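Have a look at these structures, which come just after this line.
Each of the next two complexes has subunit A plus one other chain: subunit B in the first, subunit C in the second.
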Partner chain A sequence: MTRRLRIQDRIAIGALRGMVVVLLALLVWMVVFLLVQGWSELTRLAFYSSPPNIAGPGSGVGPQLFNTVYVLVLSMLFTVPLGLAGGIYFAEYAGTGRFTNLLRRASETLATLPSIVVGLFGYALFVQATHSHPSRLAAALSLTVINLPYMVRVSEDALRALPEGLREGSLALGATRSQTIARVLLPAAMPALITGVILAAGRVFGEAAAILFTGSNFALTAHSNYSLSPLDSGDTLAVDLYVFRTQAEPSAVPDARQYADGVAALLIVVVLLFNVGARALGRVAVRRGRHK
Partner chain B sequence: MTIADSRTRPLALSPVPLPSPAPEPGPTDLAAAAEAKLSMRGFHAWYGDHLAVRNVDLDFVAGDITAIIGPSGCGKSTVLRSINRMNDMIDGFRAGGSIVLDGDDLLGPQCDVIAMRRRVGMLFQRPNPFPTSIFDNVAYGLRLAGRLPKPRLTEIVENALDRAALLDEVKDRMHKSALGLSGGQQQRLCLARALAVDPQVILMDEPCSALDPIATLRIEDLMRELRGSVTQIIVTHNMQQAARVSDRTAFMLMGEGRAGELVEVGPTIEVFRNPRDRRTEDYITGRFG
Partner chain C sequence: MIETSAGGGPAPSASAAPAAGVHAIRRRSRVLDQLSHRAVAAAAAANVLLILLVVVFLALRAAPGLKSIGLGQLFGSADWQPDAGIGFGGSSAFGALAPILGSFAVVLVGLLIAVPFATSAAVVLAETNPRVGERFIRPAVEVFVGIPSVVYGYVGFIALLPIMRHLAPPGRDGSGVLAAGIVLAIMIIPTIASITADGLLAIPVALREGSLALGATRWQTIRRVLLPAARPALVTGIVLGFARAMGEALAVALVIGDVNVIPNVRSEGLRALFEPFTTMTVTITDGVDKLAINPDGTAARYMLALVLLVVTFISIVVVRMVLRRAESRR
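So, the complex of A and B:
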């Protein structure tokens, strides 16, 4: 009997190991493949300095790289305060009434919307309805629509995970609820909040559909768009990848494939650097909080 | 009951009519009522439709330590947490009757709960220091009220830590995290935190149940030292602790309809040596509970 159990156990562990190996192999293969394919572009200096040009060879990612970071920061400026406010409301003020349920359902539905739908909605609302043109602001707002439910959820969970004793201890000393939230709960929830913000920000790198209609200029303008105005348009790396693989004329842009491979490799590298760097930042913040 | 109901209705006003005054006087002794810092009269408490505490009359003598003992579910924590209105946060909780501190009814609609909680401090079952420095923990209540000059703030913080017998152990690491302290030290830090705002009453909800015997004795020593300057009320499962530390003891029991009732109250020596009520005697001698 025990022999059979032991064999069963071995098979189970073996199967799990096998699956992990497959998973890892897939990941490594993908990353290596992308890096190898994009290597010639990644090592070409002009790749980083030139502007994109859909009408001719020799495109670069300079403006898109700048624009990606710009749109990311701009969208987080909306997402973080709004998401935090929503999370605080759900965790600390909303009870269990019908209105709260409705709000929660609405937030969850928003989270499941395909990003292409959000992009079209963003185009209708932020571009058409305001009689303007695609801009970084419109793109950032569309990204906020995508990330907001996630940020609300993360903030709510971070606050709910705190021990009840913190809340009671503060109130018992004569603090109001808002003092308790600002002085005890938010600082205590900071590590979880930082992780949530990082993950939300990371999604901006990969998002193309929501920006396609709201912020992109389809690499059509050859001007290098390093301007600081939120009302200017600009492609992000992910959008650029899409545009060059689908819109470039092979006769006019013979290196479109090569360029797109370079962008894909660069995206992988940037996301990796961003995650590692942001996590290190989070650790420092936690440590400082503990020793203060 | 929905949230909207419990929010809009003043918590202290009970929609259920209170029973007419008990025909026989409650087990309150007149001497205690005369010296009372805090008095409960006809106190009732409900969780939704369930009556959890029925008609409690209790006087807490100024400067004394009063222990509230009784088996689980007898309503002793509800009584304690109603004094500083900590139960207000619970959906559907309502309290009736009166709790008077120096002439102010704490259950009345005119009671400023925030200001009252500075007069009535609390120590919880589990030590609950904030995840900040030792200094910031003790300074928390002071900073809520407004800015103090740094030297004055430091003076008050050190004084509070001294009263909680913690200063010597932490004076070299005041700006290190409070979470690095042991459980017993954390509970003394929470006591210092409460003492820093100079409360007149301290409520203790089984303050030693998460501590080892040595840390427990240190807390009890501190309670004795604070006797006279602060009115202390301690809820405890531990009868030996009540006997060791308290001046007066109140015994509660679950009565009709699972509602907690006060069985008797008096000087601790009398309640333990010569209880008036048979049920008290049974509980103290370990026949149940």
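So, the complex of A and C:
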């Protein structure tokens, strides 16, 4: 009886571990596979500077890369102050009443909204209602809708993680609540906040569905556009990976596959860099905290 | 004090001035304090405003479809020809039964694959190998939450579809419900795993030790004590994974084949998993280049977006209910 149980225990736990090993192997394989596939493009300098080219070889992601960074920065300009303010409210002011509850539920719902629904919403509000066309601004605003709840949560967590003594000490010295937040709490929470901003930026980098509806111009060619106008449209890297499948017939475009491999590998590299960067910052912050 | 009296005349006014200054500063900082309180409250309230705007604008754009298409056709027919009516004198049809069934089919397949893997990962992370878990599994989970969904779809397209082609009945290209389910599963495993692991870690140590002290094996403890105790977390993870899978568009679009015909499950059985199919999100994505020129088709897509919105609302409510019940039991 006990022996049977012991064997059962071994087999069951072995199976659990086996599944996890399979899972991790699959994930690692995925990253390595994408990097290997896209390596020739990643290491080709012209890949980063030349425009996409449907007619022949030598495609690059220059304009897409520029556009992606443009939309990312623009959207973070909206997301960071608004999300930080929301996080400050939840961490420092909010009570436990119904109003706070409503705000929290709204934030959760916003965080769960499918990005394609946000895309249609963004098209209706930022494009149609303003009688304009898909643009970087419309894309950035839609991305703000997607990222705002994330930024709020990150900011709230960063402030809540601070020791209570910091708050009480500042208030005891006669500082007002807003002075305490601005001069004591925010500086102390800065490393965690920067980590959060980096992770939020990483999410923007890979978002595609919402931009497809609000900022894309559906053309792999024809926009070697480095203009600075927020009202211009343009594809981002992640959008291109989808457009590759639908618009460029692999037979008609000899190096479309190579191009897409390069884009996928670049996205992976950037996401890994963002993640490692955010982690490293978090560790530095923890170490500094211990010193004090 | 001595200096002011030595200076004579202006002493009283000099001592009054700083006092007034302090008052002014106090008043100003109090006003600033209240202003900043209102400002951050307004920022938090922006969440509610945004939700309302989303509901209003989706409803506004879907409304024309109520009259020209009708709920009966949208939910009762599988005849979907959104573009037949524009320019060619034909008539369009907007039966969305196929994408609606398709969404639930791919998400069901995705969950069936994801839940065992995610639960295993959570148990290994929280229980059997916590050190390895914190060193490798948790960082891996975090990285894979961050990988763009369209990249998952792309890997599915270039690596998974060729494999599926070998498994599929002859004449099929490998795309379909199974391929989409696998891609979705890989995407939502990290979500479910991390929430479940947190639930397991929050279980009081006494529960585990009590079970082991009574002579239960580790596996018995995991199955009979720990997993039941962490069930609210597991359910929360599954519902959030469900919502995420339901709303995923581009990753699914890359591997499902996008054919608006319901596979005949009765005659095909499990082979139907290899039939190209479609989902609500894929059908919405399809219309992106005709948003401005096909008003009826666009209205139909906004109606599908409302369906997705309702699914999101229901998911949030279910999560709330599960968590509240778990709290009240404690």
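Of note:
Basically, the second predicted complex is superposed on the first by the 233 of 292 C-alpha atoms of A that agree within 3 Å, B and C clash if a C-alpha of one lies under 4 Å from a C-alpha of the other, contacts with A are read in each partner's own complex, and residues count from 1 in each chain.
Simple rule for what comes next: a contact is a pair of C-beta atoms (placed from the backbone, for glycine too) under 8 Å apart; a residue touches a chain by one contact, two chains touch by 3 or more.
This is a predicted model, so every value here is computed, not measured.
When the two structures are aligned on the shared chain, A:T176 is found in touch with subunit B and with subunit C. When the two structures are aligned on the shared chain, A:V184 is found in touch with subunit B, with no touch to subunit C.
By the touch criterion defined above, A:V197 lies against neither subunit B nor subunit C after alignment on the C-alpha atoms of chain A. In the superposition on chain A, A:I211 makes contact with neither subunit B nor subunit C.
When the shared chain is aligned, no partner comes close enough to touch A:L266: not subunit B, not subunit C.
Using the contact criterion defined above for the overlaid structures, shared-chain residue A:G165 touches subunit B, although it does not reach subunit C. By the touch criterion defined above, A:Y242 reaches subunit C but does not reach subunit B. Once the two complexes are laid over each other on the shared chain, residue contacts for A:M76 go to neither subunit B nor subunit C. The wider contact with subunit A, measured as residues touched, comes from C rather than the other of subunit B and subunit C. Under the contact criterion defined above, the residues of subunit A that touch both subunit B in one complex and subunit C in the other are 176, 179. Residue ranges of subunit C in contact with subunit A, taken from their complex: 29-30, 32-33, 36-37, 39-48, 50-51, 53-54, 57-58, 60-61, 116-117, 120-121, 123-124, 128-129, 136-137, 139-140, 142-144, 146-151, 153-155, 157-159, 186, 189, 217-220, 222-223, 240, 243-244, 246-250, 253-254, 281, 284-285, 288-289, 291, 301-302, 305, 308-309, 312-313, 315-316, 319-320.
Of all residues in subunit A, only 95-97, 163, 165-166, 168-176, 179, 183-184, 187-188, 289-292 touch subunit B in the complex they form.
Subunit B contributes residues 2-4, 84, 86, 89, 91, 114-118, 121-122, 124, 126, 128-133, 136, 140-141, 144-145, 175-177, 179, 190, 193-194, 197 to its touches with subunit A in the complex.
Contacts from subunit A toward subunit C in the complex involve residues 5-6, 8-9, 12-13, 15-17, 19-20, 22-24, 26-28, 30, 33-34, 37, 82-83, 85-86, 88-90, 92-94, 102-103, 105-110, 112-118, 120-121, 123-125, 128-129, 145, 148-149, 152, 176-179, 181-182, 199, 202-203, 205-209, 212-213, 216, 218, 238-239, 241-242, 245-246, 257, 260-261, 264, 267-268, 271-272, 274-275, 279.
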